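Take a look at the structures listed below.
Okay, so chain A shows up in both of these, paired with chain B first and chain C after.
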Partner chain A sequence: MTNLDASSSEVIFQPKPSLPPPPNTVGAIGWIRKNLFSSPLNAFLTILSLYVIWVVVSNTFEWAIVNAVWEANSRRECLDKVGLSGACWAGVSHWMKNFIYGRYPDEEVWRINLGFGTLILWMLPFWLPRVTSKIAIGASAILISPFLLGYLFAGGEKGLFLQVMVSVAITSFVFCWAHTVSSMVTGKSLWASIVQASGFAAKPEATQKYPVFAAFLVVFAVAFTWQSSWNITSQSTNLWGGLFVTLVISGIGIAVSLPAGIVLALGRRSKMPVIRVFCVSFIELFRSVPLITVLFMAVTMVPLFLPEAINPVKIVQAIIAVCIFSSAYMAETVRGGLQAIPKGQYEAAQALGLNYWKMMTLIVMPQALKLMIPNIVGSFIGLLKDTTLVSIVGLYDLLLMLKAVSQNPQWNGIHTEPLVFGASLYFVLCFIMSKYSQHLERTLGAGQVRK
Partner chain B sequence: MKKLSLLGLGLGMMASLGFTAEMASAQSTLDIVKQRGHLRCQVGTPAPGFYQLDEKGDWYGSDVAICRAVAAAIFDDPSKVEFQSVTSAVRFTAMANGESDVLSRTTTWTLFRDTQLGLDFTAVNFYDGQGFMVDKDLGVSSALELKGATVCVLTGTTTELNLTDFSRSNDLAIEPVVFEDSNVRDDTFAKGGCDAITNDKSSLASTRAKFPDASKYVVLPETISKEPLGPVVRQNDSQWMDIVKWTVFALVQAEEMGIDSTNILDMAANPSTPEMARMLGTEGDLNKGLGLEKDWVVRIIKHVGNYGEVYEEYMGTKGEFAIGIPRDGSPNALWTNGGLMYSPPFR
Partner chain C sequence: MAVVDRGASGQGSSFSVIVNDERYRSIFYQIIVFAAVMWAGWYLFTNTSENLEARGMSAGFDFLGSTAGFSIAFSIIPYEAGDSYLWVYLVGITNTLLLSFLAIVATTLLGFFIGILRLSKNWMVAQLASWYVEILRNTPLLLQILFWYLAVFAILPRPKQSLDVLGLEIFQLNNRGFYFPAPVPGELFWLTMVTLLISVIVAYGIAVWAKKRQNATGERFPAFWTAVGIIIGVPLLVFLATGSPLQWDIPLLKGFNFTGGSSVPPAFLAVFIALVIYHACFIAEMVRAGILSVSHGQTEASYSLGLKPGLTLRLVIIPQAMRAIVPPLISNWMNVVKNSSLAIAVGFPDLVAVFMQTSLNQSGHAIEIVAMVMFFYMTVSLTISGALNYYNKLVQLKER
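Here is the complex of A and B:
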């Protein structure tokens, strides 16, 4: 035992440096051998797949890019140049305006752009840092902006109610942005800034609301006089079409279905029998019929039961149908999320003395909604795509506009190109929604990640 | 006693409601249209020649022209029309529920449709018929030679039924290849997926114009069905039916008399025959029964043109957007030229 040191110093085991792995098992070659050519069958499948990919990609590339015609005045010109071997994108670009705005007159298209621009600006503070009261901003954008946007799109004479609502919308928009600027620059809410600027900061708290009301009234008065001088022509909804109509229908459907779905889901779990029965029958009725049936009922059957003097507007009927249908689906999605919340959460909330609404808004819903994001966004994406069904009841949405080109004598028979364009447009929209939902999941679920 | 009076009140309310409902339905379509300020005309999803959208998003075509003519007769303004484009699945419901005032969209006049749908057919503005188109290389010159051939056909229309009827009655054992979308059908045909294609001859003409080499294809001479197309109105409003019917007749009669959109104002000032004077409203009061102004025919021709002009503009060979169906020798020629276009006299 004592000689251990001596003996170890005599014979020192020196392992040889390990050889590098065989070159065909490392790097790209190694990966390919291991994953793609590990057996004769796999090798065969790999070659077959590569061949299929090559054929598809090269042919698509050739059709869509290499042989494509970008400038032409009719399909005949395209056919004379390349026949059927190349895409005729000229047809798509000539009809682009119709795909986006439908039959809306050219000189009035600015109204649609202005409307959607306003909505985006309205929602923008939502994504800005250091802005408080985001829920109020979002709610005002969803609840009040439709009056302004609807008036911009439809135009015409406006009654007193619409005038007031349009002015309220303008005022809210101004306040949203004033609040955003105030909270980003000074870190204080608009309320606090107004109170401070008006010198009411030192006065009792109960009187502090007056300067804010006064500011609101002043802006409202200015907005009211300003909007009463507007004179925009009436554009029948018959002229609305294309992506514009798709976005209007699915946008309203999305904005309505989430709150309506939450209410229906809560109603279905309610202990009050009338409410529960109503919610259950509403959900089950509209979930068990196809959307197309609901659309047909709303657009063609309902007018049969109305007196002749009432002329319902088709797009409104379609929107109502879409909202009803998607609310029923959303209700079940929300109920799924509610059921995932352990009973202990409810009991703990009740033990704290919270009433029903506080329990729901403070404890249950924030957890449940977070769990439901993938399903909710899934419904939204489905809704956006389902709106193509309105083309069957004769609303010129994106799909019907894309199809209309092929019947035009100038572009007779061109149908693949518009449909490819429409598919890419839908892909972009849906992909954005899907990516945004994943982003939301990451930010909202940050507390739940196990590290 | 109290119950009785309540009952009486309820009955009275119901009666008055019923009464107002009756008042509303007693209003004629012409009054409703005049009150509204524009005509609501139903067309289909775009079909070449009959009703199509241009790049600006305006409707044009021969069936569209009928609606513009009715609007011109009522308002002296062919733009006072709201076009409603619905799929053929809901076309009759959209008439029945009062959504549209007139349906002008390649609808074949059949006994069933005329009697059982609560609709009235007014007049024929286009005589169509089902035919076949084949590749010249097939070497077929008559539809009777299509024994055992595969034929591309659209489903859900009478076209398919006509094809099987034709095949059975001539013992041809034709094999139909059924499609939902006309573009897919045409692509399949162009790639040789079927020997022949069948549809109304008017749309065969525009199908042919789709193909890279249109001269390769030929429409066979046989017409295997009768498809008289014309505007349709709701039943039980004879005044409105008369207006639409006589608008179509006015177009035809004007052509027969040699009146067109270029000379109509001269003709109205100096009518060459007494019948023309009556028709153009310079003499007599033929307009009375229709509830229109005296110069209603002048308005139609001034804004829309006569039947021949409309035909050449959209269906024939002359107009910029025409789909190229020759008129001479077809049933759509005037009766004086051996066709079927014939208007009852204006007197």
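Here is the complex of A and C:
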């Protein structure tokens, strides 16, 4: 003890606290020195980029904001005020309704809003916490909602089949939301809630489905009587246009191309030679030609292929072309995912005794699709951009609507402003989609990251 | 009882053997699919022949010989309004190939440039390049083409007030198009071309020999600079010796328009520029991904072997990055060829515009024309993917 006391009184090495790093290597200044001015060449490049940014931003700002004309009744008015030095946004705001809804009558526009609103509400449970059975919700939104939306958009007389399908759609929508509310509030599925509320919880399991079916039938009956009282006028597809048509075509394209692409990709990797040959020729044919030739093919050859009695309207022809084309591309994307799954996964599934479809749906596809999310969303973005091509065969999608403004005598020759507006709209849509896919990739791929 | 049971189950199993046997089942499915496709084909075929009959039309390629009564605004092979539809097809193909070839060369150069900028250590430059990519690839190509055509080239001045590009008075830009000098070869110019061809072959031979010698002995030979010297120097000597037999036909303003020289219409420029800057985004991303895919260990290993940064880039990084870059790059070239068909939107007479639109409307032979156009694009696509597969075989990782 004494020894220790004695040694503690001696002078031992005490390191001084280390000095702070030189001030010009940390903080904002350090960052700037390191990333912007690390060498004379870098300094020059930085200044050059700043100059480029300044030229672009200042000119755009002056044209789009400072000198812009926001209110005018014709392009002549804009030109008299500022000439070409400022944007004539009046030409965009004056036509805004047409850019979004085409030539759909003003008093009927609520139908489009209602349709898209319903679809958004239908998909909303996807992003809500504690909601189960998301696949069923998504499938109902993709498979059943088109009947309701299509009827809302087109209107007119509806046959018995469409009446039933519209009622089914209303019923599924109600059930989706009832299920969402039930599972968010109580944590139980709608099925369990109904069984409990009806007092069937104690009864044998086989009879528990009856109250659920009864509830479904009641809602269906109410929906059926309600929808038969609807009386909405028929709107020709010639009046459809603008962003509305763009979203309809690309939405159907997306909804069709993913399942069709999965089927084609499985067919291409099938062991059955006949199926493989058909799938390969379909995929390779439509991937090697431009979309515009497929569109021309649909427009000129579909009327030849089908009997005179069935003559689909132009928008249906375009949708057929877009679906065929995007399915072929989606098939290759999905195939890439399938090939990335190691053979051990297939073998393990077979060793567990799963048959082909169970192996694919439970083991392989979930992994393959997760792996391919960035590419699949990339295809969707490509599809959204590619729908502009339908304007070449004369459909008034957003792009043709933007272009058509300049043919109006009042706004003769106004090109730049509508096109800039359209470009920003497309940019926002595509940019959000690509950022969302990156987000999905991060959240779903969390288990894949090696640290 | 036991005997009967066994007999019954034996009967059932011989039936279930067939039903559950994968081979029989797959044959059954294949027969069903084959029958369905054949039925669909037959259905379409009968409908088509009925419809054609009702319209009083006949199928067949005879129409290709008849004269096309329209003129074409731009063609690199001579064309007049009275030529046959077959010739129109060839005019369309040459126009499409010219546009795609020029666009592919330019977009590859621009794409590599932007891709390298995106990897720059300079934060500002990298940001600038990444915003270029984000903005342009998230906007539809067709919209960009229309923008260049309607908002930029449509407001160019008339020929009298032409923009003098580069200030040399030989390149003129106006609302009729871009005018540039055309070469007029003289009498003995073919000698220069033949020499050029021979010197390219000789230079290639030297390069092969130099590589062989380096592999065998380790001695290096400046094959690159020798090749440059041979390819430029020798033909130049021949050119001067034969008395410079090449003149330039410079465009001159006569009256309201330019005469002489060559020109391309504004529609060509609009499609060309839009294709180049749009596809450059995708190439830039491929270049970036390709270079990043080479692991940093390679760079460190190369430094530890004593290679300088320049040599490391040239001998270690780029060869490995190219393996990742080239396959998507070539399929992107394919996309340029396919997207050049959007020229139809601004009226540049490419294959789709002159053949699938104008000729189809005039002759009405939809099926034949659609088949011919698709055949052309499929041929190009198969050729390119064949070349790609050959390249892949050449460079793919050779593992032990």
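By definition in this document, the second predicted complex is superposed on the first by the 397 of 451 C-alpha atoms of A that agree within 3 Å, B and C clash if a C-alpha of one lies under 4 Å from a C-alpha of the other, contacts with A are read in each partner's own complex, and residues count from 1 in each chain.
As a convention for this text, a residue touches a chain if its C-beta (ideal position, glycine included) is under 8 Å from a C-beta of that chain, and two chains touch if they have at least 3 such contacts.
Please read these numbers as outputs of a predicted model, since none were measured by experiment.
For the composite obtained by overlaying on chain A, chain B and chain C cannot both be accommodated without a clash. Using the contact criterion defined above for the overlaid structures, shared-chain residue A:415 touches chain B and also reaches chain C. Look at A:98: by the touch rule set out above, it reaches chain B but stays clear of chain C. Shared-chain residue A:238: touches chain B; no touch with chain C.
Once the two complexes are laid over each other on the shared chain, residue contacts for A:403 go to chain B and to chain C alike. Once the two structures are superposed, chain B and chain C can be ranked by residues of chain A touched, with C on top. In the overlay built on the shared chain, the residue A:202 is in contact with neither chain B nor chain C. By the touch criterion defined above, A:11 reaches neither chain B nor chain C. Touch criterion met: A:304 reaches chain B and chain C at once.
Using the contact criterion defined above for the overlaid structures, shared-chain residue A:292 touches chain C, although it does not reach chain B.
In the overlay built on the shared chain, the residue A:49 is in contact with chain C alone; chain B does not reach it. Once the complexes are superposed on chain A, the part of chain C occupying the same space as chain B corresponds, among 111-119, 201-209 or 255-263, to 255-263. The intersection of chain A residues touching chain B with those touching chain C, taken from the two complexes, comprises 84, 296, 300-301, 303-304, 307-308, 391-392, 403, 406, 415. Residue ranges on chain B touching chain A, taken from their complex, read 21, 24-25, 27, 32, 45-48, 52-58, 82-87, 89-90, 93-94, 96-99, 183, 186, 190, 206-207, 209-212, 321-323.
Interface of chain C with chain A (complex): residues 26, 29-30, 33-34, 37, 44, 47-48, 50-52, 54, 120-125, 128, 134-135, 138-144, 146-147, 150-151, 154-155, 334, 338-339, 341-342, 344-345, 352, 356-357, 360, 366-367, 370, 373-374, 377-378, 380-382.
Across the complex, chain A meets chain C through its residues 35-36, 38, 42, 45-46, 49-50, 52-53, 84, 271-275, 278, 285, 287-293, 296-297, 300-301, 303-308, 381, 385-386, 388-389, 391-392, 399, 402-403, 406, 415-416, 419-420, 422-423, 426-427, 430-431, 434.
If you check the complex, the residues on chain A that touch chain B are 75, 79, 83-84, 94-95, 97-98, 102-106, 236, 238-239, 241, 296, 299-301, 303-304, 307-309, 314, 391-394, 396, 400, 403-404, 406-410, 412-413, 415.
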